[in-house]
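Structure first, commentary second.
Chain nomenclature is as follows: A, B, C and D, assigned in order of appearance, with residue numbering initiated at 1 for each chain independently.
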Amino acid sequence: MTLTPKDVAAFVANAHAAIHEEEQHLNAADANVGDGDTGSMLRRVVDAMAKIDTAGAASLADAAMGLAQAAMKETGSSLGTLVATAAMTLAKAAKSADGDIGAGDMGRVVAEMRDAVAARGKAAPGDKTVIDSLDAIAAALDEGPANRATAARAAADALDAFRDKPCRIGRARMFPERSTGADDPGMLAIARVLNHATVTQ
Amino acid sequence: MKKLLNDPANYVAELLEGLVSAHPELSLGGESGRCVSRTDPAADGKVGIATGGGSGHLPLFTGYVGDGLLDSCAIGNIFEGPSVQASLDAIRAANRGAGVLCLYGNYGGDRMNFDMAGEMAHMDDITTRTVLGTDDVASAAPEEAEKRRGVAGIVLLYKVAGAAAAEGRDLDAVAAVTEKAAAATRSIGVALSPCRVPTAQAPNFEIADTEMEMGMGIHGEPGIWRAELQSADAVADEMLDRLLAELDPPKSSRVVPLVNGLGATPLEELFILWRRIGARLCDAGLKPVSPLIGNFVTSMEMSGASLSLMVLDEELESLMSAPARCPFWRVGL
Amino acid sequence: MKKLLNDPANYVAELLEGLVSAHPELSLGGESGRCVSRTDPAADGKVGIATGGGSGHLPLFTGYVGDGLLDSCAIGNIFEGPSVQASLDAIRAANRGAGVLCLYGNYGGDRMNFDMAGEMAHMDDITTRTVLGTDDVASAAPEEAEKRRGVAGIVLLYKVAGAAAAEGRDLDAVAAVTEKAAAATRSIGVALSPCRVPTAQAPNFEIADTEMEMGMGIHGEPGIWRAELQSADAVADEMLDRLLAELDPPKSSRVVPLVNGLGATPLEELFILWRRIGARLCDAGLKPVSPLIGNFVTSMEMSGASLSLMVLDEELESLMSAPARCPFWRVGL
Amino acid sequence: MTLTPKDVAAFVANAHAAIHEEEQHLNAADANVGDGDTGSMLRRVVDAMAKIDTAGAASLADAAMGLAQAAMKETGSSLGTLVATAAMTLAKAAKSADGDIGAGDMGRVVAEMRDAVAARGKAAPGDKTVIDSLDAIAAALDEGPANRATAARAAADALDAFRDKPCRIGRARMFPERSTGADDPGMLAIARVLNHATVTQ
């Protein structure tokens, strides 16, 4: 089974529904040590992604690139740009595989996303950011079964595993006592979106 | 923190419309619609200077686009970095064939977006270099100086970079002297009261009616200490002491001081601060050159002030005093 | 409304020290020690332009001392007119042998003191003439226009008077054209929140968190109505409608608009107001010329804005565009 | 009995004591429709007057002129300048009478003060200002006995007579409903100073 533009569009539709439900919850998580905008920013980004015709894209690469561009136009926030970076990574992977990306490739693709996000954001695994979610998801998908439920479980596990660690990046690093014991808003967003996708699948 | 606005979602678009209508020397454009550049672009072959940042800091960032200063500015939402598209637009608008220096404050989102835009610009054969404003001594220890955020000191870097480019230096030389200027510049801020972002219901931080916070950033980032409001002279002394401890300028150095208001602090009180700072600089055997006192980098209606110092050498002094003109600042013209 | 100050009793003295230290082109002196004048006085034979007023309105009044603008300024305590001695000092400092125009806002204390100082100056054989700023349409009905107080429009009168004097006109001619400019200028303000005078414990007026007051003066004098905060466009419309109703400019007139911040209102919001005002002026067939958007006349950390309009004829337009330079404003230089 | 610089100095000393007692009371009266500074401003002015050597002045005219100058240097407020104007009127009267001003002349001198103050302030009798106090005092002194008790009584009577009239000058004219029933702060100041002078005489 090869990933199609329609699959990507379905994923975006799910994310759209999830983020609309979780917007305030994610804002509240960010307000703990950040500026309280993670939910609203992601909502704007996913709204913009949902507006373009992803299902009708000529190729998987075009579908993913369209999403990256929509994200990049909508926001200048860190996480928004990292979302765009991840989408662009998928586009690149699709291009070099000539569109032939299957479920079995997803572990590798998510690992590439993790590395691209780390390079863009100059953060590392262990810093308690979306990088750690991507890292856990990549490993779980490699082990299999390579499906959304596996990804969702890995994201949830990563959230639990990092909750009691301090954040080591950006503004939050200055308040280890406040980030320890609280969810990182970016990691939380990934977990909520994937959980929603699984539940409604 | 009441606001004169229409739909908060249109705040940035409307202020930009008003800005370019009042200042025909600035034009708004780019694919993002969020790039301000000079209506009369610089001559071919001049190194371009592009900047960018969130809205809510006027005259920063876009107000410094002009002769002998910036060529373009990418504009973000309030307190949010510019998008990659806007950053790319700004790089393209600044490019006159000799490469573009991207000069902006050290914030995660801004850096990622300009980096990404820079990579895209390379595909258009535009060479870019980056210098970051990292002047805020309160945002990280000296050992981690590269993690420091950029605040009001960036205005002084604009002046140096813009003058070096106007002189006809090449991209490497412009970047090098701007790096030197950045290394010679430090800032620290003090906040008395918060502001409110138009789309938010609440102020961006809370502080008691009798308190101040030393070292707070221009988005309300936490500072070094929070305590009872002190006298202007005590505040001036602490800001100056912290900057001098870091800069450690050689006896009888010439320095450019910038006493900046964050928004709601009356000019009167900036002059009261300056009175002390100027006297203290002279007592320390330093020579203040062309002090800048006013609202150069704000945080909407936040009240408070910041002090920046740039220690001059001959080259920096000549670049700082070269003619320049933009809507909110003029030098020698 | 926290303040960066030392002893409130020294607020004015300290801010003046800071001001002249930052701006060597201004000097502080006179028998009162409360007179700011040009460090390089104008040439002999030029008509002098003296102003004066209370402190707390920077850049007004003293910030407009400079080439092609004012020669001197008498400085009062916060929101209190200048003393007779300071007024006399200002008249003397402005005098280059061709007489002095006393140009200031229509407030009881200021008028008494300048009148008294003028009588004393006559004993020194200095001829004076007086033109009052009475631009605030909210402060009295049109039938009592001579009772109106002066607000931000005075800055435009400074420009006209200063340019006429710089051209070499005599005292009567300078006074006459300044009167003409005053007759062509109207202002109205809107207040969102109060300020606190340094020596006071409480704000200068009270207003609910959701309210605004249309027509309030720069010391918190009551306006025309107080109601729920409205949109920027609605505020712009009402201010403009009220001024146009009074000025009734001939179709296709050229007008100078001044959108002025009262202190704590971000520049961003002044541009949002201007966006609407500029569009409405054009719709009304009028031609805005060199719009001024910024903090020209403040009321400490009060938030709100004012709109002033001057309807130009050829003479006024040429005087408005003549070169001028002072610490806080430049035209064509 | 001719008025001497010493008499003037004694009057200032009394006013000084009175104003220090009444400062907040006068501020409160001004806060009703004005800017609440009458008491503090007068305190500063009288402090400045009390600092100079009035008793040692060479003549009555010099003594009065010194006080006028002290007031003019200290303040730019309306009432401060009117105090200076009144002192200057005494100086002029003393000069033209060659220093020979007696109790019997005081009615005329106060009437001259009233006219000078009215000319300076562009207000008229009946506007509910210090002019009305001076007017009442001048009339009472003319009737006699020409002493401080008479002046004090006239000032107190004027205050009573005008309390229920609206103020017609300055900022206060815009709120007739708020000035009616309340004392004008300037008139109140004159009454309190003269009353104090009488009581402690």
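General remarks:
The definition used in the following text is that contacts are C-beta pairs under 8 Å (C-beta built on N, C-alpha and C of every residue); 3 or more make two chains touch, one makes a residue touch a chain.
It should be emphasised that the depicted structure is a prediction, and the values quoted were computed from it without experimental measurement.
Averaged C-alpha coordinates give centres for chain B and chain C that are 30 Å from one another. Note on chain placement: the centre of chain A and the centre of chain D lie 79 Å apart, centres being C-alpha means.
Spacing of chain B relative to chain D, judged by their CA centroids, is 56 angstrom. The centroid of the Cα atoms in chain A and the matching centroid in chain B are 32 Å apart. Under the contact definition stated at the top, not a single residue of chain C touches 2 or more other chains. Among the residues of chain A, none is found touching two or more other chains. Contacts between chains trace an open chain of neighbours here, each touching only the next in line. All chain pairs in contact, by the document's touch criterion: A-B, B-C, C-D. Interface residues of chain C facing chain D in the complex, by the touch rule stated above, are 31-32, 54, 76-77, 79-87, 108-113, 115-116, 199-200, 204, 219, 221-222. In the complex of the two chains, the chain D residues touching chain C come out as 35-37, 40-41, 69, 72-78, 80-82, 84-85, 120-122, 169-171, 174-175.
Chain B makes touch with chain C in their complex at residues 2-6, 11, 14-19, 21-22, 55-56, 58-59, 190, 192-193, 195, 209-210, 212, 229, 231-233, 235, 263-275, 278, 291, 293, 295, 298, 300-301, 303-305, 330, 333.
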